[in-house]
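A single structure is presented below for examination.
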Amino acid sequence: MTSPITDYLEAVLRDCRDSDGGEVLTGNRILSEADPDVFSVAVVTVEGTVYCAGDVDSSFSIQSISKALTYALALADRGLDAVHRKIDVEPSGDAFNEISLERDTGRPRNALINAGAIAAHSLVEGRDVEHRVDRILALHSAFVGRDLAIDDDVFDAEMESSDRNLALAHMLASVKVLECDAHEVVTGYARQCSIDVTTPDLAMLAATMANGGVHPESGDRVATSAVVRQVLSTMTTCGMYDGTGDWIANVGIPAKSGVSGAIIGVLPGQLGIAVHSPRLDDRGNSVRGVEVFERLSRDMDLHMMDIAPSGHSAVRRAREEDGRTVYELQGDIRFAGAENIMSRVLADLPDEPTRIGFELEPARAVNGAAVRLLGELIERLRSDGHDVEVDDPNGLM
Amino acid sequence: MTSPITDYLEAVLRDCRDSDGGEVLTGNRILSEADPDVFSVAVVTVEGTVYCAGDVDSSFSIQSISKALTYALALADRGLDAVHRKIDVEPSGDAFNEISLERDTGRPRNALINAGAIAAHSLVEGRDVEHRVDRILALHSAFVGRDLAIDDDVFDAEMESSDRNLALAHMLASVKVLECDAHEVVTGYARQCSIDVTTPDLAMLAATMANGGVHPESGDRVATSAVVRQVLSTMTTCGMYDGTGDWIANVGIPAKSGVSGAIIGVLPGQLGIAVHSPRLDDRGNSVRGVEVFERLSRDMDLHMMDIAPSGHSAVRRAREEDGRTVYELQGDIRFAGAENIMSRVLADLPDEPTRIGFELEPARAVNGAAVRLLGELIERLRSDGHDVEVDDPNGLM
Amino acid sequence: MTSPITDYLEAVLRDCRDSDGGEVLTGNRILSEADPDVFSVAVVTVEGTVYCAGDVDSSFSIQSISKALTYALALADRGLDAVHRKIDVEPSGDAFNEISLERDTGRPRNALINAGAIAAHSLVEGRDVEHRVDRILALHSAFVGRDLAIDDDVFDAEMESSDRNLALAHMLASVKVLECDAHEVVTGYARQCSIDVTTPDLAMLAATMANGGVHPESGDRVATSAVVRQVLSTMTTCGMYDGTGDWIANVGIPAKSGVSGAIIGVLPGQLGIAVHSPRLDDRGNSVRGVEVFERLSRDMDLHMMDIAPSGHSAVRRAREEDGRTVYELQGDIRFAGAENIMSRVLADLPDEPTRIGFELEPARAVNGAAVRLLGELIERLRSDGHDVEVDDPNGLM
Amino acid sequence: MTSPITDYLEAVLRDCRDSDGGEVLTGNRILSEADPDVFSVAVVTVEGTVYCAGDVDSSFSIQSISKALTYALALADRGLDAVHRKIDVEPSGDAFNEISLERDTGRPRNALINAGAIAAHSLVEGRDVEHRVDRILALHSAFVGRDLAIDDDVFDAEMESSDRNLALAHMLASVKVLECDAHEVVTGYARQCSIDVTTPDLAMLAATMANGGVHPESGDRVATSAVVRQVLSTMTTCGMYDGTGDWIANVGIPAKSGVSGAIIGVLPGQLGIAVHSPRLDDRGNSVRGVEVFERLSRDMDLHMMDIAPSGHSAVRRAREEDGRTVYELQGDIRFAGAENIMSRVLADLPDEPTRIGFELEPARAVNGAAVRLLGELIERLRSDGHDVEVDDPNGLM
């Protein structure tokens, strides 16, 4: 039996296949030869289940989508503050090919425009350009879960039209944002953009981000959650160039696009999504890619501002057992869940000392804030004379 | 027993009270007389539980925070498309007092800068300026859950320094974004900014947004979820002026600030938060307000990009009962949850026809996308010859 | 006998009449009804001779050309420094309808864009709006040499679409550049723009500027040369909006255009020129007006950077008379002329004392710098023992 | 006897010597070592007389002043239209280190900002970078009248901080404004900026421009008047970066400055002026250089908008001789002069045929426009039956 999700994805491709408009990128010799009709979509859950449809074996260069993980690597190597001193995290309000350096400092507005991506590349640690590129390639491979390679033809073609990037690199060097040689950085950046991927690769990469930096299949942590959070935040406010506000309002999924026609979307805690179709709109985003994301968001209620109330279910039920009120806790318990538990307990609490139990077995996870709050609750209950038992067979607290 | 959350909020105020810097707004006669030391915080859950600390009875004018609900009312009155033709949803990349109209059309960049807020005010339906203001005031009252009033002293002072807003209104009129009289709109806008509120009021208002437009206490729907989603999306990308990118990266909570020193934050599905402290930084945001939000986000893990994987727990467990495999579903089931259920069922499925049951009793909610996906799953299972029973005592599907 | 110049002007109109393109202004009810085919040119010398061709009796509103003399009146009333504190003199690099206020101060970039013109209007002294307008009208009448009047129909139509100017006025008020009521200023400015003129009027106005502020016919001084110099300097760098650089390179005549289709040009010391034809190009300049100016500049060698060497002729000749070397001085003697005289005298000077004469009768004028230099020369010659006689029947020195 | 002009220049240096403020350029290793106190001024007339004062033997690199003649050479090599397609002639409204490329085309705003100067360098014809530099150096030598050389130390230091220029060159290459290799162009441009000159050299260079492209001493034409006119026009509207409007209003002399502390000024038909003092203001202009120019302009009435009426004197007098009215023509006769002659003759003209004579001996020059107008006048007089004789011993007509 095929999954209804796979069937659904195929239906979406069918519906969007004929959407007209858009042109394959012309500035790059190799990219301009791309088949304008290839079309694919892939969705990967944080558990690693992969759904896909269309030309999923067709590969292409990753282009600007590589900006996300290169920024992640710079953050991991240098720390958030050091990177922030060189690259801001503000939307530029400009088109993707604008220069967008901060007026006084020359600092790029964010790491997802070209100037900021070049700066981020230069902040990746490495003995030389090759070492730096190897480390970037390795991080992409780790996020995807297979060994990726660079497409040398695309790289050669990139280098034939590298004047704009050289301009940006020299500009950054002139204001001391770039610390190494401009040509080396542009070469390395062109290699990073030429990493060869498929749509399922990108969806897996996005799912690793959705999973907070842990690869859904291997369970390997390939980036810290702090780094992933910073990258996703930047994608939220700056990921789709000067159309980011519209994108967040319409689609509501942090995303990043590339001129080869791919777009990735990350729904934290849920899904990674990737679409590929080479014809681009004026902003450099895939025409059909945007359309597919709009469909998925609308049909599947994926908008990040549509998160349903989740605190309610923290107390599965309270049962009386041997003269003790036992609260069965469930789900992922975070601040709102812990607050929910406390409210319930305090509402039930009689004036005189009583016996209370917490059964954590049905719960899946309790995060740090919730552990602290529940710990505080238990301590206070006990100091008020209540008898509290905690049954936590999985050691969640 | 006081709640640990209340104690925590009081500790936060204590820690941030001495943070220096910032100046009370000078441009307005009344606002400039504000006590620079008043300081309060309130947190309201989507269930309506209120926690607060500090000078919670001190009231102040709502100022720019009124932009959010006025935009909501314009969206409700005119529809998303009609409003979008007049007001874009892109970050401006400019300071809050920049003009930021779209180059060719004169369309304001978004509804949370002054030009866009004035345009949004003019799009609210009403016979005249008073009717329009009455409707805006009524919506604020509905979100807060009590009858609010306008502070006439603040309003009078606003009108004494209204040149900049008049400039914006005439500019909008000149490009046909504004359809009614510029002076009327500026008067109405000044009244809207003079709505008198407290910090708990604002936290309740934010909680109603977090709850998708349903007031947490009364359960009344006061705005559609589509309208709230659009407002929250705009707050995400444009809520803190030219510091929005930084804010989302650091704090990760959609927010809106006002020059009286208040900031609201909305964590969809979880919480509404408000802080008030009149001393402002260069960007016009409350100095201590920003600090409190940073503390809350860090201490309580409230960053929106830190959402823990939530799909995992959709199947509480599968039990064998009378020769039937019964899947107990739990939590809020959305796309990722439905996918999780399907994966599990399909993995378990034997080649020959079998008997399957779904028990929805433990689940709290199943959203539209999940209903469709699970319905499709059940239909396919049945057409493949499986015997499927659904136990849905609460009618979630 | 008709003048060859008149015939030439008629030929130019004939040649340019069919030049296509351009549209009559649409934004103003009255201006939009202008006959698109009226076409006229006038040239007035600094001696007051008038040449004209075409529809010279057709009148029209002066529009932005009034910015030049209103600026002149503000300069006369307040002084250069006081005006400069409110209005800069830099080109804006922007289109004519851009706002172009200085980033930090809100000071308009120059007095010939709308914001600067509104600021200049407000700086004209006057008891009220009518008094201010009366004084502006009076100055225009004085420059033209006849009593001008305001076209009330044009004024009424201006007021119907005054939103943009109101926006600018309120913006200026908000940064304290404007000291009086925004509506009053916009009303007064609309009246000033509605002054009714003909092409010969404008050419005479320009000739008065070319003549340093002295009306060519009456000989009345209607503005100081310092004020006229400031106005002409501003016209040189900012007169034709964002096409000023091109205009100075191609035409080389300080100029100002108005949306009724007129352009004036001022060749200091030589001519005032005016052309009128209502069809405008994208920049708001008269299409045929620009063409006529290009023709006149090219045919008549009027480019301001083509000034022929003029110092050479200061010594008409030196004659020996009664044992004295008499230098006959001629022309307008300025610094370069005085230098020329000195060089000649010092080159001729023998080692021993000699007898020298200066005959100023053939000269027309000697400016202050030249008087000082020649005075210094004579004093030194005398202190070196030379016998110097000065024959200055017209009291030029 | 020393010239009063020399004495005057020495007095000006004395007065301005103590003006404080300004800093020697820090970005270049060699320039930063310049003696901050060297100070000199030179004035050269269009007849080649040289006046100077101060440290006139001190030499320095020409820097941005070389932009003027490099632009001249590009114009000579490619023609005005071809150059205009690559480089606009509009003021940028930006600081000197802004990028200022036209929004859509990437065309630099003018040839006197760095981007435009680099583009102009690339438009100079040459087999290779050395040939191009040789031709630029040769043109500078021709304008100055001696063989100039390049200071290799300055050049080496320039190349050490060439990132900004490399950025501009690559940016221009990316939009096809630059046709040759970016590094070659930047190298050539750095060499051009390193030409070693003295203040008298620069004043002579400026005097050659003032003389319409003819060297004042040798009489050699080293550039066409059309090219010089274009360069001077650009200096008028763009020569002093974002302070050009102020400069033209205050000083009124087309000028160009360089970061080594020199400023040249050109008064067409009269003078070339140069000042050198290394301490710079915020705009990169020499502090004392600006002050000296302000003094010279004010003391010597050199403001270009102060040109005295010059048409008046074209008819020296009319005498009756043998029954013929003979008009004695004088001075430089241009359009306004020819008009003046015609007006006089037509005013005198009786109804019946008469006898008229024109005596050109006292005149110095008659330009093309005047030859055509006077020719037309004579032809018409003759066809009306008048007897006209022309005495033109010097062949001016």
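First chain written, first letter: the chains are A, B, C and D, and each begins at residue 1.
The rule we apply is simple: contacts are C-beta pairs under 8 Å (C-beta built on N, C-alpha and C of every residue); 3 or more make two chains touch, one makes a residue touch a chain.
In UniProt terms the chains read A, B, C, D = Glutaminase.
A quick note: this is a predicted structure, and the numbers were derived from the prediction, not measured.
**Q** State which chains count as neighbours of chain A (Glutaminase) and simultaneously of chain D (Glutaminase).
**A** The common neighbours do not exist; no chain touches both.
**Q** Would you mind naming the chains that touch chain C (Glutaminase) and likewise touch chain D (Glutaminase)?
**A** The common neighbours do not exist; no chain touches both.
**Q** Give, as an integer number of Å, the spacing between the C-alpha centres of chain B (Glutaminase) and chain A (Glutaminase).
**A** 22
**Q** Rounded to the nearest whole Å, what is the centre-to-centre distance of chain B (Glutaminase) and chain C (Glutaminase), using the mean of the C-alpha atoms as each centre?
**A** Inter-chain centre distance comes to 59 Å.
**Q** Rounded to the nearest whole Å, what is the centre-to-centre distance of chain A (Glutaminase) and chain C (Glutaminase), using the mean of the C-alpha atoms as each centre?
**A** Distance between chain centres: 63 Å.
**Q** Where in chain C (Glutaminase) do residues touch at least two different other chains?
**A** Residues: none.
**Q** Could you pull out which chain C (Glutaminase) residues touch chain B (Glutaminase) in their complex?
**A** 99, 161, 163-164, 166-171, 173-174, 182
**Q** If you look only at chain D (Glutaminase), which of its residues touch chain C (Glutaminase) in the complex?
**A** 1, 3-5, 8, 45-47, 49, 88-94, 109-110, 210-212, 225, 228-230, 232-234, 236-238, 242-246, 248-249, 252, 254, 267-271, 299-313, 316, 330-332, 334-336, 339-340, 342-343, 346, 349, 362, 364-365, 367-369, 373, 376-377, 380-381, 384
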